[in-house]
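Take a look at this one; I'll ask things after.
Just so it is clear, A, B, C and D label the chains in written order, and each chain counts residues from 1 on its own.
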Amino acid sequence: MAYFSTAVSEVTEGVVNLRGYSLADVMRKATYTQGAFLSITGRLPSAAETRLVDGILTSLLDHGYVASTITAARYIASGNPQFIPAVAGGILAAGSNTLSPEHSFHLLDHTAELRGDGTLEEGAARVVEEYVSQRKRLPGFGHPTHKTSDFRADILFDLAAELGLDGESIRQLQAIDRAFRERTGKTNIPINIDGALAAIGRDLGWSPNQTVAFAVLSVLPGLMAHVVEEIETGRPLRYIQDGEYVGEPLAKSVGD
Amino acid sequence: MAYFSTAVSEVTEGVVNLRGYSLADVMRKATYTQGAFLSITGRLPSAAETRLVDGILTSLLDHGYVASTITAARYIASGNPQFIPAVAGGILAAGSNTLSPEHSFHLLDHTAELRGDGTLEEGAARVVEEYVSQRKRLPGFGHPTHKTSDFRADILFDLAAELGLDGESIRQLQAIDRAFRERTGKTNIPINIDGALAAIGRDLGWSPNQTVAFAVLSVLPGLMAHVVEEIETGRPLRYIQDGEYVGEPLAKSVGD
Amino acid sequence: MAYFSTAVSEVTEGVVNLRGYSLADVMRKATYTQGAFLSITGRLPSAAETRLVDGILTSLLDHGYVASTITAARYIASGNPQFIPAVAGGILAAGSNTLSPEHSFHLLDHTAELRGDGTLEEGAARVVEEYVSQRKRLPGFGHPTHKTSDFRADILFDLAAELGLDGESIRQLQAIDRAFRERTGKTNIPINIDGALAAIGRDLGWSPNQTVAFAVLSVLPGLMAHVVEEIETGRPLRYIQDGEYVGEPLAKSVGD
Amino acid sequence: MAYFSTAVSEVTEGVVNLRGYSLADVMRKATYTQGAFLSITGRLPSAAETRLVDGILTSLLDHGYVASTITAARYIASGNPQFIPAVAGGILAAGSNTLSPEHSFHLLDHTAELRGDGTLEEGAARVVEEYVSQRKRLPGFGHPTHKTSDFRADILFDLAAELGLDGESIRQLQAIDRAFRERTGKTNIPINIDGALAAIGRDLGWSPNQTVAFAVLSVLPGLMAHVVEEIETGRPLRYIQDGEYVGEPLAKSVGD
């Protein structure tokens, strides 16, 4: 048995076999969205899926300075004005506080357990009761800028409904949203884009990592544009200018 | 004047202005390829450009184990089975030996200087003479696997011609290819995908970094698929097994 | 209140205040080991702690090809022959399968709970019984190369004992080792370097992240030496040569 | 011949051969500074070299918020509160604008050419004349915070002199400093720490990459301390708050 083994692709002279398809055929007939779907999930998408995934892949195209990924990438490019390291470093800022639909996957899995044979509304009521009574934040809800609704989530849900791709995860998340508003009276903690991506990805059969994959692809063009801009017209050696020191005064001596 | 300044995007509550377009509008009407083109270049592509860029963005979708980026990413995931660090680390392997169309940009710029008012053939003859006589490798030519031709370059040039987008850079690079074959008699050093991307990107008005941006987007879905596979079914703690030690024997002592 | 706040350091013209000490003073009087200890933990080490930390910081200086971090870094440098990206990428391979003393911290914390008011031996017996009966691997035990004992762990424990720094975490881990050998009869799953680092770090009052910090500093010089070697004398574009394709045959067509 | 080949280290059961020394021996007798020197340069340092390298390795222990590396790392940790990705990402900000002694290596190499058989002063006068007349910045000179002198460079040069390790590169760089002050009358562009590291590294026989290696080791403890602080007490999802949008107004429509 070989040391490495893969079901993703095989390369021989003049041919790349990508999940059973010839890369030459993919290049001639498929869009990037279709090809990326094939690479990541192992099959080509339907026409409806292609349209929905185009919506997903444009939903995070840019979020300006209001994104840790872009901010981090610009500071890296300011110290090291090279394209590749800044792009890679920006991706590293995607984690549990941003671009993290995996937490909403867990919420939906947990709701399914609590719901059992009950209705979507019953599942929603139970999970909301649990989170609110334990004062835990619902993952996939709330956004620092988009307070009454996250338009990106709304558009994706509309698209999914128009295309007949609004599965149970989407409907469950929307029921949780309604239950949360009723239980708390709060209207400024809407479903955010991470929550929407998790629900849609789960309905499409994606794993959390596969969903993160599409989220990262969506973020990258804007991130890359900011990196190019920083390299071409930014400032060398940017640093934090409004920092405050709250540590010990300069009063110690080595060897004392 | 603000410390940071950008012409890429602006975010306010409920609105993302991306290069003058509403992100909501982009999500509803554009494909990822169109949106990425807008983010990176500042304008929407024509229908012909969209098709050509779909070809570009699928050309590197996968190259299996025969890619340093994928190999590096799988070793990272083998030690640290997390999606984000492995993807970022894989991108770091893109550099002067691979995914580096910038070198072919320089070749084309230099050819334009040598050519002056001459024909494409005269420019090609002069630059080939210079490289061959100095025994320098032509950047954007040759591939370890695809020896007689790189089908990805061929398909992109065919697409550009069909779409009326085969500009002077493409024709110049093809003239260099012919001149090289005539001058050397060698038929196993064809235009490779990096050379093709540089010529097409240059004709589309892209900078080298913008061209690298599209190349990285193309590489990522396959890279991501390999990372997911390594995390789910790979081996923990892979290492180099056929390495050889050629250093000093174990015969020294600290403090001698 | 400032947006950023730190207790680590303050920089003004001609002065760097590092945790209450002048950097100029540190440069003149301290070794790197002392300075790194000060930066990471907030205080200078005693003479005994300095010697023990020198042992820690040399314990992982190199582990050749038998390390995912070094392998990953060399593949990155093979594609992108630059020092900084390869070093950063190599660090990314440190995670739950290697350089991860945090798991042994959890083992020690859990043992303390199980032990309650009992002896170290009673705590050890209970945690070993739990892990063995549930067929879980003990984190911090076993090594693919160093099968009967991990000499690095042994030396650090000897050093700690000589220096009077063998605290309860070390003794607890050694008791777990004895209990495991008795319970299972297995002698080829010794305490490894990650387990030793966790026990020593816990005794010194370090957090898991602080312990990982020292482990990463220890790994880096060897990693850097391998990167320099790969850049100067390695092969461009290395890739996996003994991979095997187990996916679908090339039989599908886009548009079918 | 094996696919990989190394002169750095060899690992067998119970033994790590590091550059001809047993790692066990190194752990028992050497400091980190000596071990890192051995790994990176292939030999153990003398006592004088050890002291000088301790000075080098503490010179960049921290530079607070006034460092792109630390700023980038904190933004990464703010989005993705994990230790390893933030440390790796911070390193990526080291490049041509910071932590880049390689440029001063080139200055010293070029000065040696211009100098020929002349004195250090003649070499200095020629290179300063060239740079000043072409209005080029001297690499390794000037600092945004430390304007009249960079105390870190001064201390390292004092240390080198005390230890008898002030070789020709140091004396040449100091002659360039004097010639620059005379030629321009400017006193606020002193030799900075990058310039000092290059001169000392060149005198010690290090390559530019080896010199960068020591600089990165010096930066890491402070970087790590800032990352730990950001993870434990920082703010999630930090972003640029004083950014300004200077791009196109929101007036375009997809499909126009």
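Keep this in mind: contacts are C-beta pairs under 8 Å (C-beta built on N, C-alpha and C of every residue); 3 or more make two chains touch, one makes a residue touch a chain.
Just so it is clear, the structure is predicted and the values come from calculations on it, not from any experiment.
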Listed by label, which chains are in contact with chain A and with chain B? C, D
Identify the chains adjacent to both chain B and chain D in the sense defined at the top. A, C
For the copies chain B and chain C, the interface residues, called same if over half of the numbers are used by both and different if under half, are same
So the centre of each chain is just the mean of its C-alpha atoms; given that, what is the distance between chain A and chain C in Å? 30
Where chain A and chain D are represented by their mean Cα positions, the distance between them in whole Å: 36
From the C-alpha centre of chain C to that of chain D, how far is it in Å? 25
At least two partner chains per residue is the criterion; list those residues in chain D. 3-10, 15, 26, 28, 30, 64-66, 74, 80, 84-85, 88-89, 92, 94-95, 238, 240-241, 243, 245
Chain touch graph shape: choose line, ring, star, complete or other and state it. complete
Write out the stretch or stretches of chain B touching chain C in their complex. 64-72, 74-76, 78-82, 85-86, 88-89, 92-99, 144, 236-241, 243, 245
Which residues of chain C touch chain A in their complex? 1-10, 15, 17, 19-22, 25-26, 28-30, 34, 44, 80, 84-85, 88-89, 240, 242-255
How about chain C: which of its residues touch chain D in the complex? 3-16, 18, 23-24, 26-28, 30-33, 35-36, 38-40, 53-55, 57-59, 61-66, 74, 83-85, 87-89, 91-92, 94-95, 145-149, 151-152, 155-156, 159, 207, 209-210, 212-213, 216-218, 220-222, 224-229, 231, 233, 238, 241
